[in-house]
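Here come two complexes built around chain A, the first alongside chain B, the second alongside chain C.
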Partner chain A sequence: MKLERERCHYSITPTLHYSSFSTNMARKVAVIGAGMTKFMRRALETPKELAWLAAKAALDSAGMKLNQIDSVVLGTAPEAFDGLHMKGEYLSDGCGAWNKPFLRCYVGGGTGVYALAQAWFHVASGLYDTALVVCEEKMSTCQPHPQAAFLTIFDPITEQPLKPNLLWIFALEQNRYMETYGITIEEIARVSVKNKRNALDHPAAQLGAELTVQQVLASEIMAWPVHRLMVSPTSDGAAAIVIAAEEVARRVTSKPVWIQGVGWCLDTAYWTNRDLAYPEYVEKAAWMAYRMAGIKEPRKEINIAEPYDPFAYKELHHLEGLQLAPKGQAPKLLADGVFDRDGDLPTTPSGGLLGVGNPIAAAGMMKLCELFWQLRSEAGARQVPGKPERGVAQAWGDLMQVGTVVVLGTKRPE
Partner chain B sequence: MSDRVAIIGIGYTSLQPTTPLRSFKELTFESAQKAYADAAIRFDEIDSFVTCAEDFNEGISIFDEYTPDQLGAVQKPMHTLTQDGLHGIADALMQIRSGIAETVVVEAHSKASNLLTPDWLLDYATDPIYNRPLGFNPHALAALEMNLFLNQTGMSADDCAAIVAKNRANALANPVAAYPLAITSTNVKSSPYFAYPLREAEMARHADGAVVVVLANENKASKSRAKTVWVLGAGSANDSATLESREWGKALYAEIAAKHAYKQAAIEDPRQIDLFEIDDTYAYKELQHLVALGVYKEPREAAQALQSGETQASGKTPVNVSGGSLGMGFVLEAAGLYRVVELVLQLRGQAGPRQLARAKIGLAQSWRGVPTTSGAVVILGSE
Partner chain C sequence: MPETLGGTPLEAKSSRGGNIFTTSYVPQLRYAWDTGEAIGRYLQELKQERLIARSCHQCGRVMIPPRMFCERCFRPTDEWVYVKDTGRIITFSLCYVSWDVRRLKQPQIPAVIEIDGASPGTGILHVVKKVPPKQVKIGMPVRAVWKPSAERVGSITDIAYWEPNTKTKKRQ
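On to the complex of A and B.
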């Protein structure tokens, strides 16, 4: 027993660095490292191992060790995928939260982008100098298909007896969007073509492909108007980011990517009472982040966008919510090439959920990783031209209900 | 701008073993109404909301979908933490200090009576590859640790039974408590073993309830009508989640969380604190946590303090004057917030028959139960 105790003995001095309660309100915070695992259908790694692979990659990218990390934030979506109760506790040591402050945040599919906002106020509050944010999802353990885990997301009294599933409700939303603005199915299919093509250049992508609009429309109809090739795959994977307060960030890297704005907004659970043609909650989350970033005209002041694209129509829907296209006009801008990688406003240059894959929370974090690499001109074959200075990433989730938005940029926020 | 954060309102329901006529939304709505009235604030004046809840306990996947309506949080910044309510307080503290919100609401609830097979559910919290196939009831982990703890420290079954007697008797003076009882140590020791050496009477039983806490920055707090209670510090920490590599017999998670909280609150000697509301999900845990928090150097001292009456409600260092989880009931993610409720009532001088003469600084500590090593500490002060 004595031996055991000696083996377990280690220092537990907390590494708090804040100077006082009055000087560091809203400290400036930068992303200094990012990493991810390959997204795939069935990973052999355990959920813990996936989380650690991404955490290690992000730490290596920042040139830091785990003992330099003050706090850890985990984002991971429903427990049901991994089949684990208190999944955050299970994953905690896997994502590096051993003997450290640890929060696991959760806003359904919106978690991946929200997790960075959560980490931002760890550091901006002055309580911690660094934070490691890890997002992990392992959907393949849910057999035969993770869709089953979604059957219990609906209201047990008013909705579950109708046996809805995700494809059906998103088909409803897509239909409403198309009907309201007179959008054609071909215009929606172009999103799949663009994103899956972009993903061909992403080394971690699961479903990159060179497709035509006709091929997308020839794929199986899952629930009208949603075609198989308009739906993101189920995936296993993890992604992580390291953030730091300005003093630390400047020591560690010459290319900090600043967190300029964060925003999140949750709408009512009674989704049947809302007009699904336009995501108001995304607009509110976006303006929260834009106000913080000092953005008045998003269309002119944002160079690159990573909107959430689990379904092809969602990218367009979200671009409108993000104020990057007028209502109902995103399909036209897409057709004009505005959103191509070499277009005026490249969107989803990573390949997105449709191309890289959709391990729920990790997919949102992957979008933030992409912005980090793009803004540092480190995105390789995916690099958008013209040295982008500012990008926005957004995720969405729950019952078509939550919008989460983060604005990153190369310029230090005012 | 000041970085100080205050609790300006609390609302809570009475804890009950079962609440068959009310949903979790109705319990939460009642607490929210009370909290907003207490803080003299309208729901639409609140900037941000946090719910602490866990999917499997709710029986709903992606439970955060159902959090906004009953709090008045529709189309507002709102997120869920799958952790104890004290983690929610730490979250709110950071939001307010970062300047992103002036007022934040933290909510947690328990509808544990909906869980038909809670131990079976808990089984899904064990490692699916290394531990779950062994097919043990997760509470056995607590019994295993208790055995080690008793052996390492020389504590006896009497010492643990005395904790149960104290906390359940304390609950007699708490109208919110679900399991108040005048009970002797001898009675406790006649309770059957759940898993040796842990007796059934030494395990907190589930209850239903909901708590809503309103936090605000100094500017907003100065306009509040209730006596201001300041959040002096909030820390959290996890030890290893893996059974095979954690520090058994020692609550390292509470020790580290407390170090963070003490540092923020500039508390050098924990004995400066007037009252403690700490986790007692299993009776031995109260002794273990008191040592981890630095109140006593070793469990022997903590046990002696109980015998001498020091940790009784009438003593110098009252511990769980509310009745703790043994007396009030274990309320899942709301456990920590019911501890906070007690501190706020004591610090405001509103604790009725169990009001302590001296209550200026209080400490709440939570642990998420087996098989976790998730701890959080919040320190509140009235000055």
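On to the complex of A and C.
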């Protein structure tokens, strides 16, 4: 078969191309159920029990039993948090994977959104009719704080001897972002205010709060320019989604939420060799998903966004990568109220990682759950007005190098 | 979505009071990472007070840290190129938390430093010292301060730190 290739709208290197193969060949796939646990600083439950609670909630939401699930996909982050090496195998029972095809996937913080894209393959390819996607993280196991476990993400020879910590890379990137576009720290702090406020309406939230910009800026400086209230917490929690091929989805629900597009992209792990001011890999991942979804003008065609917000500036950085704000302009749109829950383009109506919490992989999956509830008008107090028809969720991770994107919508993709 | 969700939050006191049980494990693991061809030479040169890069003749980049293959052109790199032990700060932070979450009174100043002689925007991670934190700026020229030769072991920490290079004119 001849693959039709077209020039990518945007390339990290001039030689990258994009294939339009998948859009024509794939079966249509819908999200038909979503569930999650509370996000907590420390949960009584084991990782396996958390996975079970989320998986069961998602099955209940879909009105399905485990024997109706053909395949299971797990997303979970570094083993170092848990001190459990074969974490996928350990978690498999809690994910409902007994006697089933099982895949664990992992791209650091990008895992939660990536997991749904991987599950999409399973069903879009025709291999299975249904898949259960579970994301789980229990960060409290690593004591007193999982920060030290993050040391191992850095290059063991050229970076680890410098004793870096995770705050470094965020602070270095935020500083570069602010300097490049002349962004102020007050503009960044507004993200914390918005997201923690939105989280007050989320029943899973760990850190919902009513705050002012001044309070955010008065919080401890962890790694200038990053203040404590601009950092998401460490969390325990799980979230899960059930997806199905069109025939099954239509039988099970009158409100399928369609997977319209998936995309992901990794930049180089030589992160000190590239400009940190703009996430090119997020742009590339976004265009892959948008092209699949038939989106030409993202700002006009997307009603709601759940960008990855482990740190306050990241939401703005990612909105630009997602083509939902011009480069360096996301802070202005935020200040103008565009991204408020009742704004023109509500972003992170869930409350995000800053407000709901950040059990790594589960946090990305939580964003997809939020889109599912929002697009079905089931988000309760968090519901954005105007019956949104299409949303984008995005996660980010590895060594500041991966962007993962999923577009969900109420309309069946063409 | 349902209003009640699964999960049982624990307070710190519940484990202290013996209300719940935990088991603990402190791993005693030691690793020795082989440095490979490119980084092996990089470390060897650091011991000699020199910074070395690799160039790719196809894309023209001079890359540091050096690598034996160009990840963009996906072909072998071509030449070893000595670069300078001076550069400028691409970005930095003032970090008040150590790698193992101790609070620091005086901040560490991690920075990405673009190396003179390497391609534009090509930097390495290191730390800056000998400058009041509030005076550190993006674009500031810096130079490597090497450990004495007897203390150099072939490590990225053979450069003790970077300090402002007052001899160079600042450029943005």
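Keep in mind that, in the parts below, the second predicted complex is superposed on the first by the 389 of 414 C-alpha atoms of A that agree within 3 Å, B and C clash if a C-alpha of one lies under 4 Å from a C-alpha of the other, contacts with A are read in each partner's own complex, and residues count from 1 in each chain.
What we mean here is this: contacts are C-beta pairs under 8 Å (C-beta built on N, C-alpha and C of every residue); 3 or more make two chains touch, one makes a residue touch a chain.
What you are looking at is a predicted structure, and each value in this text was computed from that prediction instead of being measured.
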item: First (chain B), second (chain C), both or neither touched by A:Y281; value: first
item: Partner chain in contact with A:T268 - chain B first, chain C second, else both or neither; value: both
item: First, second, both or neither for A:K163, with chain B first and chain C second; value: second
item: Contacts of A:A171 with chain B and chain C, given as first, second, both or neither; value: second
item: Which superposed partner A:R104 touches (first chain B, second chain C, both, neither); value: first
item: Partner chain in contact with A:G386 - chain B first, chain C second, else both or neither; value: neither
item: Partner chain(s) touched by A:P326 [first = chain B, second = chain C, both, neither]; value: neither
item: Which superposed partner A:G337 touches (first chain B, second chain C, both, neither); value: neither
item: First, second, both or neither for A:A34, with chain B first and chain C second; value: second
item: Contact residues of chain A, present in both the chain B and the chain C interface; value: 13, 83, 151, 155-156, 268, 270
item: Parts of chain A lying in touch with chain C, wherever the complex brings them together; value: 13, 15, 34-45, 50, 53-54, 56-57, 61, 83, 143-145, 147-148, 151, 154-159, 161-165, 167-168, 171-173, 175-176, 179, 203-204, 220-226, 236-237, 268, 270, 272-276, 369, 373, 378-380
item: Chain A-facing residues of chain B, complex; value: 1-4, 49, 54-56, 59-62, 64-69, 73-83, 87, 90-91, 93-100, 121-125, 127-129, 152, 235-242, 245, 247, 252, 255-257, 259-260, 263-264, 368, 371-374
item: Contact set on chain A toward chain B in their complex; value: 1, 8, 12-14, 16, 21-22, 24-26, 46, 77-80, 82-94, 97-108, 114, 118, 120-122, 124-127, 149-153, 155-156, 262-270, 280-281, 284-285, 288, 292, 397-399, 401-402
item: Chain A contact footprint on chain C (complex, rising order); value: 1-10, 12, 20, 24-25, 27, 31, 33, 35, 39, 42-43, 63, 65, 67, 71-72, 90-101, 107, 110-112, 121-127, 133, 138, 155-157
